[in-house]
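Across the two complexes that follow, chain A remains constant while its partner is chain B and subsequently chain C.
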Partner chain A sequence: MLATITARLAQMVFVMFGISVLVFLIFFATPGSDPAARIAGRNAAPETVEQIRQEFGFDRALPVQYAIMMKRLFITRDLTSFVNRGQKVIPQVLDAVPATLSLVAGAAVLWVLGSLFVGVVAAAMRDTVVDRGLMILSLIGISMPVFWLGEVMNLMSQSRFHDTWLFSWVPGLGYVPLSESLGGWFKALVIPWITLAILYIGIYGRILRANLIEAYSEDYIRTARAKGLSPTRIMLRHALSTSLLPFVTMFGLDFGALVGGAALLTEVVFGLNGVGRLTFHALQNLDLPVILATVIYASFFVVAANAIVDMLYAVIDPRVRK
Partner chain B sequence: MSLLDVQNLRVSFTSEAGPVTAVHDVSFRVDAGEVLGIVGESGSGKTLSLLSVLGLVDKRVATVTGQAMFRGQSLLDLPDREMRRIRGRDIALISQDPMTALTPVHTIGAQIVEQIHAHERVSRAAARARAVALLADVRIPSPEKALDRYPHELSGGMRQRAVIAMALSCNPALVVADEPTTALDTTVQAQVLDLLRALRQSHGSSVVLITHDMGVVAEMADRVAVMYAGRVVETGPVANVFNQPWHPYTWGLLASIPPLTGARQGRLYSIPGMPPAPGTLLPGCAYVARCPAAMAVCHTPPPEQGNGAHRAFCFLDASQRAAARQKVGALT
Partner chain C sequence: MSVQIDNSQPAPLPLAAGTARGPWATAVRRLMRNRSAVASVLALLMVALLTLLAPLYASYLGVDPFRSNLRGTIEIAGEAVPVMQQSTSGLGLGVTPIGPTWSPGGYMLGADNQGRDVAARLLYGGRNSLYIATAATLICLVLATLIGLVAGFMGGVVDMVLSRILDVLWAFPVYLLAISLSIVLLTSTIDLGLFTITAGSLALPIFIIGIIYVPYVARPVRARVLTLRQSEFVLAAVGLGLPTHRILRRDILPNLMPTIIVFVPILLALAIVTESALSYLSIGVQPPDASWGTIIQDGQTLLYSRPIVALAPGIAIVITVLALNVLGDAVRDSLDPRGQVP
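What follows is the complex of A and B.
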């Protein structure tokens, strides 16, 4: 078991290395543009560009450039933005992480519970009104763009109904660190959580229902029924436990991508200073060092989430062990 | 009194082209302690009949009518909750394919213990001890270890033994074995059959053995029911049906077994043609299109002929049979 985990971690480091090389090449070795000028940003003075060229070694060989870049990203961590002069990039990204993690982790709890409920209930009551209703609701959830839903939520909770008993507790937009106040953190994030989770509840609920219905045509479900087990037990212990693999796979990918910045729209709509919002602003200003740092950070989360999913497989399905 | 008495069982499915009847007025009974073999080719409705009796067909698509009396209870009228109490405790099922019959993510032991707990209030340790004893009964080597194995870690034969152990875990009065040896190697088949025979004696269960293998019937069963196209065409004690089969379909089945003694035959007999597609409306005998002895009258419902326990649905009477059966031989 330990060997498997070690091997998986080594693999992960290797993939990370590959990604960093690729990202580096895309950013700094694209023919026909001067990386120093791009790092310097719009309307930079020629001296600045020259200084950057020296500093990053853009006049030297590519491997040296790569080494310098990685050193500044991971070891000395002194990569600075030239758009917002002198601002260090790495602390900026690290500061943005808690907001994104809080947002995505909370939404993930909601969407896992919500979609388990939707999928299991719909599959158990297959072809009834309840099933159809849940599937239509899921489809509506999938179809609503998150930025629109977020704005509607804001409109209701911040403006129209803010003075009624229903939404009077909602604080203004923005993130409240968990270390500051648990209640404040929770209140600030509840509505963003729901907004972000609705789409995924729809997708996961529908996929889980399909997997469960497929599982119900398997022989082992007939065996379980022939044993005289209750429908609940058959559903949870025999059908659900074998239908979770695709669910977990998707969860790993989506969670990684969201933490890596895909929660951008939700963060922007709710004014949460997360990684997505940071990338968004960096893209607007063409702040290359920040974009580089967030891309590397995002890829790290996707890779890590995948590694965790692989390990989870072994927990869920004994056939994957060994 | 018989343990299970099925009368006029009819199973139909709704389809786009209207209802399709897959099982037509099937009647059979199983007495205490006996083995009833049900033979027929794939699609003849043998598995479906038994699954319907057990309430294991999907009620949204299938309609089951008729009567199935088990120890004085009418199984088809029982509410789900009552039926669940009977399934697994009084009537157990052994599935055809041991590779897919067990839930892949739970250990063998957990699945056996689960069934015991579903029907009896016993401690975890007692249930586990019984599971070990059951695995030993079905001759799985080192049963304590096998208990914690997952299905994929066992061979096909071992898995089928585990399935049998699970079926026997609550000492059922009736075991329905649905082609228990079909998915196994020939050598393992013989072992599993031996095991079933021994267990029937030690556990005292009646067995309904569903198979397409006349050899298995000859070896295991006390009585046999031959099914064709959703109907029972002949039924009787094994000795009678094998020595003096009445229905031309049974002749065909018996003629397709290679004889163990005597001169080697040139070619083995195979019944010409295909069984009718389910849903084809046949007023008369379903076998008429393939029957070597078919007559004009065969297109009307065949009468039930009987002599004691031996019964068949056919127009041929005792005087015509010998001559008609010659035709089966002539076709080889």
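What follows is the complex of A and C.
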């Protein structure tokens, strides 16, 4: 087991290194363009460009440039924006984390509960109208672009039906920190949570249904039936518990990916000041240092999260443990 | 020696005739029997046909989907009505684009911020969305198949290196990779010697979307090649000393096709959604070109006054992607009856 964990950690470090090299190549070594001018942003003075060239060592060898980039990202953490002059980038990214985490964590609770419901009910009522209806709804949920769904939600809750009993409680767009007000935080996030969760309820519900139906053709379910157990008990204790194992890995991957940037579109639509929206604004202003920092930090987070999930998996599943 | 024809032998059973059909014909037959699959193919053809007819709509109604028309008027019931209407509420400042009308002058879905016909833009934008998705899917499949084939068949160091590269790409969150690629590509003109990609070109989203999904296809392809490599008919071909390119072309590739084909509808759906997301973030299709994503972005400022501008392209995306997802399920089931959820 120790060997498994060590190997997984080594792989994690390797992938992080690979990603950082890839990002470095994309940002600083694309042929036919000057990285210093790109970092300086629009209409920069030649002195600024020259200063950046010195700071990032663009007149030196590529490995040195890479080392300088990594040092400024992780050790000295003094990367500054040139669009918002002198703004330190790393603290900005870290400040944006709570909003992203709040969004993703709440959506995760909703999508786990929602998909458990969809998967179990659809599998239990297989080939009935209920099953068909749930599966069609799931497919539609998967097929909607999340930012568009967010706009539809805004249209309903902020404008068209805002004055009805259904949506009169919805506050204006924006994030309310948890430390400021628990109720405000909750109200501001309910609609974004639902929006983000719908896609994943669709994906997970469909997979869970398929896994459950597959489990029902296994011998141990027949044995459980033969023992005279109730259908509910068979479903919840026998079929569901085995069908949930692949769920754990998927959940870890998706949770990590969402915190690490995939929630960007939801944050933009609902005006939540998370890491994604920070990246979005940097995109609009061509603020490269910010994008560099969010991309590296977020993808490192995703890689670490995946490694942790795999190691947890080794603890849960006796077959992997060996 | 003459062949004796035995007339007393019964005619071949229909069952035997059925099993003699090739795997492809069987798969197509199974697909044709699936009503939702046929319906989604029809829906996709409809969407494609409508977008191809975009110039017809624009020229028939005399609207230009790519030029702003802020001072224009259209004729409704014999009266000239401005496309951008003076606001009547509040201070009477600002203008609102005209809403959906059934006039001979166009503007079936109203106008956007620039006074352009939304319906015409929807059709032209659909062309770009479908074109980008198709081209990106092709690029992705070709790259993934090549990488999977080489890694799986060569094995050894080549496989090691390629697999590690795939690991890195796979672990890189897709939107972050797309953002990194597009921010750099959009701010510079890439000169690749033979051809130059300019910043606003449609080639950029195609290239970006084609690249980011490669590991999702290359990994299963490689796994399939690894099993095929150990199968008896390939071992026999290797043992006979047949050249590698012949084995790859005649033995491996045909058996790989089901694995690859299953990905076609899924990738198309993913590509359409990804393109719209990138365009919504203004790092995909660049103005004056349109795509479903850019129209949704155009409609965002009009969301509460003229919601149709943002709603219509979204509905188009949902219809197309839903059809592709349904088709994807059906194709998977028809190619692999054992993997089918009963």
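Just so it is clear, the second predicted complex is superposed on the first by the 304 of 322 C-alpha atoms of A that agree within 3 Å, B and C clash if a C-alpha of one lies under 4 Å from a C-alpha of the other, contacts with A are read in each partner's own complex, and residues count from 1 in each chain.
Simple rule for what comes next: a residue touches a chain if its C-beta (ideal position, glycine included) is under 8 Å from a C-beta of that chain, and two chains touch if they have at least 3 such contacts.
Everything numeric here is computed off the predicted structure, so don't read it as measured data.
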Specify the outcome, clash or fit, for chain B and chain C once both structures are aligned onto chain A.
-> fit
In the superposed arrangement, does A:219 touch chain B (first), chain C (second), both or neither?
-> first
How wide is the angle at chain A between chain B and chain C, using CA centres, rounded to the nearest 10°?
-> 80
Report for A:59: first if it touches chain B alone, second if chain C alone, otherwise both or neither.
-> neither
So, does A:302 touch the first partner chain B, the second partner chain C, both, or neither?
-> second
What is the contact status of A:180 with respect to chain B (first) and chain C (second): first, second, both, or neither?
-> neither
Return first, second, both or neither, reflecting whether A:95 touches chain B, chain C, both chains, or no partner chain.
-> neither
Which partner, once the models are overlaid, touches more of chain A's residues, chain C or chain B?
-> C
Go through the superposed model and pick first if A:50 touches only chain B, second if only chain C, both, or neither.
-> neither
Considering only C-alpha atoms, give the closest distance between chain B and chain C in the superposition, rounded to the nearest Å.
-> 11
Kindly list the residues of chain A that each of chain B and chain C touches, one partner per complex.
-> none
Provide the residue numbers of chain A that touch chain C in the complex, in ascending order.
-> 11, 14-15, 18-19, 22-23, 26-27, 30-33, 38, 139-140, 142-148, 151-152, 154-155, 158-160, 209-210, 213-214, 217, 257, 260-262, 264-265, 268, 279-280, 283-284, 286, 288, 291, 294-295, 298-299, 302-303, 306
Can you list the residues on chain C that touch chain A in the complex?
-> 164-165, 167-169, 171-176, 179-181, 183-185, 187-192, 269, 273, 276-277, 280-283, 293, 296, 299-300, 303-304, 307, 310-311, 313-314, 317-318, 321-322, 325-326, 341-342
Of all residues in chain B, those that touch chain A in their complex = 51, 54, 56, 60, 84-89, 92-93, 95-97, 100-106, 114-115, 118-119, 150, 152, 163, 166
Would you pull the chain A residues touching chain B in the complex into a rising list?
-> 127, 218-220, 222-230, 233, 237-238, 241-242, 316-319
